[in-house]
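In the part that follows, the structures are each spelled out as structure tokens.
Each of the next two complexes has chain A plus one more chain, namely chain B in the first and chain C in the second.
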Partner chain A sequence: MSFWEYVGTRHAQLLTDTYQHASVVFQCMVLATVLGVLIGVVTYGSEWAGGLATTSTATVLTIPSLALIGLLIPVVGLGVPPTVIALTLYGLLPVVRNAIVGLRGVDPALVDAAKGIGMSRTARLVRVELPLAWPPILTGIRVATQMLMGIAAIAAFASGPGLGNEIFRGIASLGSANSLNQVLAGTVGIVILALLFDAAYVLIGRLTISRGIRA
Partner chain B sequence: MTSGPGGSGGASGGRKVDGLAHLDDADMAERETAAGEAPVRAPAPGARRISWQKWTFMPVFLVAALLATWLWFRGARLDSIAHQAVDNGKVWLALRQHIQLTAVSTFFVLIIAIPLGIALTRARLRRATPVAMAVANLGQAIPALGLLVLLVIWLGIGARSAIVGMVIYAVLPVLANTIAGLRGIDPTLTEAARGIGMSPTGVLRKVELPLAVPLILAGVRTALVLNVGTATLATFGGGGGLGDLISAGIITQRMPVLILGSVLTVALALLVEWLASLAELLLRPRGLEGTS
Partner chain C sequence: MTATSGARIHLENLTKIYPGSTGPAVDNVNLEVRAGETVIFVGPSGCGKSTTLKMINRLIEPTSGRIRIGDEDVTDMDPVRLRRKIGYAIQASGLFPHMTVAQNIALVPKMIGWSRARVGSRVEEMLDLVGLDPGEFHGRYPRQLSGGQQQRVGVARALAADPPVLLMDEPFGAVDPITRDHLQDELIRLQHELHKTICFVTHDFDEAIKLGDRIAVLRERSHIAQFDTPEAILTNPTDDFVSGFVGAGAALKRLNLTRVRDVGVVDFPTAGVDDPLQDIFDTLRSGATNELLLLDRNRRPYKWLRRGDLSRAKGSLARAGTLVTDTVTRDATLRDALEAVLTDNAGRVAVTGRRGEYTGVVDVETLMNNVHELLEADRLEALAHQHDLQEQRERETRLAQEGLDTGEGGPGGRA
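Let's turn to the complex of A and B:
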């Protein structure tokens, strides 16, 4: 069976897997973005706390994903929970790091000016600092998403959702006629998803980056 | 990755000499997008200073974690299936295989990526640089698992396919790092070197390479950390390594085996990262201290 025949006959299964892959990465990325920006906002003011946040999230990233998932299974079981926890943890680092760098990079004169016209602490953060720090944060989200695409494939080994299942079905039937098709379909699917997400982020950047700081 | 001394300063001070290359892409892209605003990020003073607490924390933590795991594992009740997974020195074998996979693939990554990076920044090949960077960025979209398994199907089961996959996967970020770093060298320095009559080889050997040492060391660290991680996937292609223990633990639902394999893998990864950042700090040329 050629690759295209394979894709043609299994398109229902492939579409479900693709949708689930995109969905789990997207949801974990939303979670990681919210948590990451929060951590960044809380810690960027202090040299020590910012350093600790960056160092600890960097340490998490050093841990091989299969091992982290392996450590999560005895605690939360198989399936979706370890996948979501692992993906969110791995997604945090680029967001936290870029949020801290971005927030620290905001020109203090601008924050001063905002203070001068009577903005509260929250208003300064929401209307001045975060919009100015948004481009690096968005870059962090892009990098993290690409990474999560690959990690989500590995999470399928712990019965997680997504295209990784296609790859593991191929491994299980190694040597059979369809194993190459299965692995190829899973891998190519993930690459396409990664590129689509990347294109979406470019579009989001166009729409959300404040016009004043657009290059 | 900025654990250790780079910790707080890594984000602003040592951005070019950072761990994983895709993060550096983030930094580069971020610098591009943020180019419009006033760059007010002075490198943090003393960012590379050694602090004893930071450097002793990791080994102490690892020893404690490994000891706790060992004591717990000795007390855990193992049935015949769990015994089969860990008896007869299988744990040591997996650990040794994992270290071998990492070391061999890192060696090949370095001897491919660094000379290629140097070649691609020479005047004659400079036009190919954007192409190489684009390929390197595109390569990041390929999942490591898929790449590895495709190679296993193509080259057959075993450690060799795993190593080829690991090398391909890690070459791209290290190459991107090397190119970015060599291009980041202040052009006035190379111009001055040419001005005093140095040959192109002289400029490369006496100016560019010494200035790129931190970068090459960062490349070593990137490759090592990536490869320790990717080596866990070798098990899916019959390549051995600690992934064997993890996958055996998951498949047979034997938690002691799973935890032992995972803890050893995590400990090895953190140890390798710690050693690499220590080497990065100690081998850094004295003249570059305090600069970024």
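Let's turn to the complex of A and C:
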């Protein structure tokens, strides 16, 4: 059976896997963004806390994904929970790091001006600092998403959702007629998804970054 | 809309000590700014003028002392609420680059809860006030504006919620001299209309003289060396520090204080109207210049005669030469003389005595030489002052150190 014939006959399963893959990456990315920006906002003001946040999220990234998921299985069981936890943790680093760098990079004179015209701490953060730090944060989110696309495939190891299932099935039945096609279909699916997400980020950038600071 | 005019600002014993530093950054400042007055804080870098300004809207919290605005003690007021009632304009405009001009101006009115319609019309009004066409600039982003335009928008934003008090921290420091001059003129015009109470920080004494109703010359730790009108500071600086700081202005002042009679006037070939034509010819030919001054029967300057004028005169002086339009007396100030010389198209002016009789001529060259001499003298004098001041400071430091040893401490030697 050729690759295209394989895709033709199994397209229903492949579409479900693709959708689940995209869905889990998207949801974990939303979670990682919210957490990451929050951690950035809380820690950027202090040299010490900012350093700690960057270092600890970087440490998480050095744990091999297979090992992390394996370690999570006895704690939270199989399926979706270990997948979401692992992906969110991996997605944190680029977001946290870029949030801290972005927030620290805001011109102090502008923060001074914001204070001077009577903006409260919250208003300053929401209306001045975060919008100005948004371009680097978005870059962080984009990098994190690319990374999660690949890591999400490992989640199949813990019976998680997504295209990883195709790849693992193929590897498990190496030598059988469809094993190569299965691995190929899973991989190509992930690459296509990654490209689509990237395109979406370009669009999001155009829509959310003010024209006044766009490069 | 009728504008809110200024409120009185009263600083009482205002002191700022930064944690970990030995001495106060601002030491016991007492200052009263009258309602509707423009007061300039001027002083060398690091003298604490900016810190003093920022304590008025409590961007820097005073260590001790009181701040009163109008009749209200604002020292313990919620700083966010306080700042919304005080306009604040800073160097390089401080506009938020991700917001349009209109959004920047609308910030404070929105924060204090104005209606959408009122904010909208206020933005147009403010743009108009600072001389920018609302239709054209409304939707622009700060980076699409020139430095001067940004600064205007910065002032518009500071004034948008119609605060009685406006604080300006070297607002024109980052623009080119020509634009700065325009912006200063604009501010004078605005203040003429609005009568806000303005506190303005600069290190440029000329700017201080131009803008200030009164000037506070500050020395280190924000000690007030002199707080007076520009005229008083120019003509009667209280001490060496102030006169040193007046600097180049002192030379200009010297032009006002020096009279024409104090500087050498040059001799110029002259002739009387009744002199024979041949004598006049001879004088012109033998003279170093190709021009002479024709005097009337009372020896008053009458006409400037050039060699060419004479050859066309054909025997009569009636229509030859150029009438003398402007003369200066020997008691005129050098400034007036300079003015006359600059407006004369040949660059010289006749000097007359008490009854209008000719005594000599000043020209650009004489004036220039004299001004140079004055400047040089002033420069040397300033250097000497600086030197004395330095020595005095060293002595004070020594005294203070010795004072610490004997347990006296305190601000020793400050007179």
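The rule we apply is simple: the second predicted complex is superposed on the first by the 215 of 215 C-alpha atoms of A that agree within 3 Å, B and C clash if a C-alpha of one lies under 4 Å from a C-alpha of the other, contacts with A are read in each partner's own complex, and residues count from 1 in each chain.
Everything below uses one rule, namely that a residue touches a chain if its C-beta (ideal position, glycine included) is under 8 Å from a C-beta of that chain, and two chains touch if they have at least 3 such contacts.
These figures come from a predicted structure and were not determined experimentally.
S.K.: After aligning the two structures on chain A, examine chain B and chain C and state clash or fit.
M.R.: fit
S.K.: Check the residue A:48 against both partner chains and state whether it touches chain B (first), chain C (second), both, or neither.
M.R.: A:48 contacts chain B only, not chain C.
S.K.: So, A:33: does it touch chain B (first), chain C (second), both, or neither?
M.R.: Neither: A:33 stays clear of chain B and chain C.
S.K.: Given Cα centres, how many degrees, to the nearest 10, is the angle at chain A formed with chain B and chain C?
M.R.: Computed angle, apex chain A: 90 degrees.
S.K.: Classify the contacts of A:128 with the two partner chains as first (chain B alone), second (chain C alone), both, or neither.
M.R.: The answer is second: A:128 touches chain C but not chain B.
S.K.: Check whether chain B or chain C contacts more residues of chain A in the superposed model.
M.R.: B
S.K.: Check the residue A:213 against both partner chains and state whether it touches chain B (first), chain C (second), both, or neither.
M.R.: Both: A:213 reaches chain B and chain C.
S.K.: Considering only the touch criterion stated at the top, classify A:165 as touching first (chain B), second (chain C), both, or neither.
M.R.: After superposing on A, A:165 lies clear of both chain B and chain C.
S.K.: Now for A:184: first (chain B), second (chain C), both, or neither, which partner does it touch?
M.R.: It touches chain B, and chain C stays clear.
S.K.: Should A:115 be classified as contacting the first partner (chain B), the second (chain C), both, or neither?
M.R.: Only chain C is touched by A:115; chain B is not.
S.K.: Look at A:149 in the shared chain and tell me whether it touches chain B only, chain C only, both, or neither; answer first, second, both or neither.
M.R.: Only chain B is touched by A:149; chain C is not.
S.K.: Smallest separation in Å between any Cα of chain B and any Cα of chain C in the superposed model?
M.R.: 9
S.K.: In the superposed view, which residues of chain A touch chain B and also chain C?
M.R.: Comparing the two interfaces on chain A, one with chain B and one with chain C, the shared residues are 132, 213.
S.K.: Applying the document's contact rule, which stretches of chain B touch chain A when the two form their complex?
M.R.: 1-4, 7-12, 19-20, 22-23, 25-27, 29-30, 32-41, 44, 140-147, 149-150, 152-153, 157, 225, 228-233, 236-237, 242-243, 246-247, 249-250, 255, 258-259, 261-263, 265-266, 269-270, 273
S.K.: Taking the touch rule as given, give the residues of chain A at its contact with chain C in the complex, in rising order.
M.R.: Against chain C, the touching part of chain A is residues 109-110, 112-120, 123, 127-128, 131-132, 210-213.
S.K.: Tell me, which parts of chain C touch chain A in their complex?
M.R.: Listed in rising order, the residues of chain C that touch chain A are 57, 59, 80-86, 88, 90-92, 94-100, 107-108, 111, 141-143, 157-158, 167.
S.K.: Any idea which chain A residues touch chain B in the complex?
M.R.: 47-48, 50-52, 54-55, 58-59, 61-68, 70-71, 73-74, 78, 93-94, 97-98, 100-102, 104-105, 107-108, 132, 135-136, 139-140, 142-143, 146-147, 149-150, 153-154, 157-158, 164, 167-168, 170-171, 174, 179-180, 183-184, 186-187, 190-191, 194-195, 198, 205, 209, 213-215
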